[in-house]
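Okay, so chain A shows up in both of these, paired with chain B first and chain C after.
Right after this comes the complex of A and B.
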């Protein structure tokens, strides 16, 4: 599996004719233990061996040739979910991360996503759902996750579900390519 | 992977785009296993053993058990323990997260990369955790230091990519603190796993809960205090011999100096810049470039003298650094190691 970095994503963006000339703000949300920080660190080609549960938020920012890519990773504990909204402004892409192997909380994650999708500040924002932790034995397939979350009912924005394993770095590149295609088309 | 949505003309440009075809991921090629072998559920007044090789680094789910004992003596990828009441659970090294939800009155021995607990009450956790443990919406959670040995445990720690020296079991973060009371606490030092598990039954399979046998060194939760003498020691990488040497020192101090404590231990790689910063001397970079160092902080009266004595008598074959200004160096060393785990 080839390592994929934010620079890799920039290379993809650069190839497109309608390149965005402004800051691209990516919001990374999902329940606690979904793998958001692991995904963020993997995007930045950093070591993911020991990651502590996020207490506030993490930001990774990369700047190159007129592009600025800001990825915001916000902690997912139930207690701090009401604060997610503070980060919604000017979001270009929403990445929602799901622990596909946590069957007990599939309804909970579906509920939180549905709350995001009806929020005024996120109207029309493209949605990429990562069905993470596919490497785990009890993981639900991406299509099963899509079904549990009724993703097919989403009609008001471009969306995609992508199977991935953030720890192994698999599937991330495919998801990010979808973002580059869909976001740039809009700009 | 992708989804085809029902399209109407108006919505043509929205909804999921085309699935990405012809992509085969590693999980598509995984050999099929009986998933039920990796779920322990609905036990009542029962006992369940999973010995080495039966889990072999896969995910485990424990749920809905009552008054039961569960022993998983193998390395595990990740584990969730849900809706269990009055259970005793011993688990080998977990590479990723151990997540406990909706449990009550359980005693757990867990070593893991991440520890998370939510909606639990009255739990006793003997923990080894590589990152800061967190609790949410839970009460009466008491923590102690992980103490466990069984024949393959050393290999299982390696398989799980966990260092026995990186244990931050007592640095709990509570997401939902309640004013005026504490949702969690540290067990008294004399409360050990042996108070909760029947050692006689366990010793039949070579399992031990004693401090001397434990793969994870016993560390105290007591913070560095001005009045007490401290000794900061660094073992430089020596093809693995430094791990055994550090252990010899820890055991000797434990046995011979009952008034002294190992405050913490860390195993970490140092860049030449970091090495220079800690030791204030460029020459140490030659020693730190070969592999991770082990840092130990002891406390107690005349502890530096005792450490030097053990090193002089038994540890001449490895390169050891004994600090003469512990406080300053400890702060530097901890700020570097904590950066690694605190993101």
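Right after this comes the complex of A and C.
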């Protein structure tokens, strides 16, 4: 299991020449049952076997040597999606999580993502798409997901698709490394 | 720091203290607890601590044996009876208590043992249900799910197994199967118990959950409360209530009842908190849990689970 902790991420971020009290606001979005909370818990090295559907949102912040990472995990249920917009301000990175095995809802998740990308408050915000649940047999590959979501048409921001399995902790580190490089470029 | 020094000191001084008390009161520690503490949490928890700290090899062996049986959920029927006899027998022999002179000791100690290992067995039973994933190919699971609908929405027929109607009782999408997640079949059992045993309370709470601004997703909040109840049971917070209320082995119904109490009280708390919308859920939920934990930290804590609704 690829063990990954926020400390690993912090070590990467520490290399950046940002002001010492820099806060990084990371927004975690996606449909319900995509695996956002599992990803959040994995980032914080917490147990992922007791997760319940997110009503409202969860935040985890970790402070270490002048860095403060605020990860906002907002519920993906249809009724909650109208509230997503309340959390857009000052977002440094958008992480969009997809259940790669849920092919029936690929269009729905694509639609929600396209709505996010045309929002004024998220202009130019780097986008990391996690093609999650790669541990499931019938999961679509990252490139298939990228194709159904027409990611290659995104020209106004840096973006990346990363295959991962949040429960197994695989692929998360690669995604976070991409984030640290792209936040660096932006600042 | 100071605490750990004190605990260390206590560990070494305890035998001397016990010896002194034994000489002066002519009673062993278990007897002093059984006679001195009031029945319920104070007594059973005192016995539990005393047994845990015991250095007698026979007592240690007895504790280990009953721990194992309760973890394997085998304490019922004849096994339970013989296990309780074994526990009392060990205590009487090791502490050299004459059961005819001290005829109050045996029933009192048996009750404590039922509390201690009944609770432990309950934790194991609940853990077993929680780790059992909701399985749509299991007809028992499916039946329970459909029963939940019928109890909550008696006048509205379900159009099909996969339908947007599930959102009316607060599931996230058109198939509840993915919503149980880390709480497994325990989440469904809890909801179903609430709807079956307290139908008026459940539909009353459901009606609140449908409010356009102050509403919430009934089933999802229910599953989140299952998680709260599960953690309160597992970390021992429920011991006060359960030891105080149980006349014998605590049953799974007791856990379900506590869940119903939590749900009913949460609904009240939520409305009193005047939330702006559902995004206030996490902070309100956390404050609610703090309150519950505070109430349960009292040794005399015993919730009155009487969820009657005044109908005008």
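To be clear about the criterion, the second predicted complex is superposed on the first by the 181 of 187 C-alpha atoms of A that agree within 3 Å, B and C clash if a C-alpha of one lies under 4 Å from a C-alpha of the other, contacts with A are read in each partner's own complex, and residues count from 1 in each chain.
Keep in mind that, in the parts below, contacts are C-beta pairs under 8 Å (C-beta built on N, C-alpha and C of every residue); 3 or more make two chains touch, one makes a residue touch a chain.
Note that the structure is predicted; figures quoted are calculated from it, not measured.
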> Clash or fit: what happens to chain B and chain C when chain A is overlaid?
Replying inline: clash
> Of the two partner chains, chain B (first) and chain C (second), which one does A:55 touch, if any: first, second, both, or neither?
Replying inline: both
>> Per the contact definition in the header, classify A:86: touching chain B only (first), chain C only (second), both, or neither.
In response: second
>> Between chain B and chain C, whom does A:101 touch in the aligned arrangement: first, second, both, or neither?
In response: first
> A:178 contacts which: chain B (first), chain C (second), both, neither?
Replying inline: first
> In the superposed arrangement, which partner chain does A:138 touch: chain B (first), chain C (second), both, or neither?
Replying inline: first
>> Once the two complexes are aligned on chain A, which partner has more residues of chain A within touching range, chain B or chain C?
In response: B
>> Quick check for you: in the superposed arrangement, does A:32 touch first (chain B), second (chain C), both or neither?
In response: both
>> Contacts for A:77 in the overlay, against chain B (first) and chain C (second): which applies, first, second, both or neither?
In response: both
> Which listed stretch of chain B (6-14, 24-32, 42-50 or 168-176) steric-clashes with chain C in the superposition?
Replying inline: 168-176
>> Output the chain A positions appearing in both contact lists, the one against chain B and the one against chain C.
In response: 32-33, 49-53, 55, 58, 77-80
> chain A touches which residues of chain B in the complex?
Replying inline: 1-3, 5-6, 11, 13-17, 20, 23, 25-27, 33, 35, 38-39, 58-59, 61, 63, 77-78, 80, 82, 96-97, 99, 101, 113-114, 116, 118, 130-132, 134, 136-137, 161, 166, 173, 175-176, 340-343
>> For the complex, give me every residue of chain A touching chain C.
In response: 32-33, 48-53, 55-58, 76-80, 83, 86
> chain A touches which residues of chain C in the complex?
Replying inline: 167, 172-173, 178-179, 181-183, 187, 216-217, 220-221, 223-224, 226-227, 230-231, 277-282, 285
>> Quick check: in the complex, which residue numbers of chain A touch chain B?
In response: 1, 32-33, 37, 41, 49-55, 58, 77-80, 101-102, 104, 131, 133-139, 142-143, 146, 151-152, 154-163, 165, 167-168, 170-171, 174, 178, 181-182
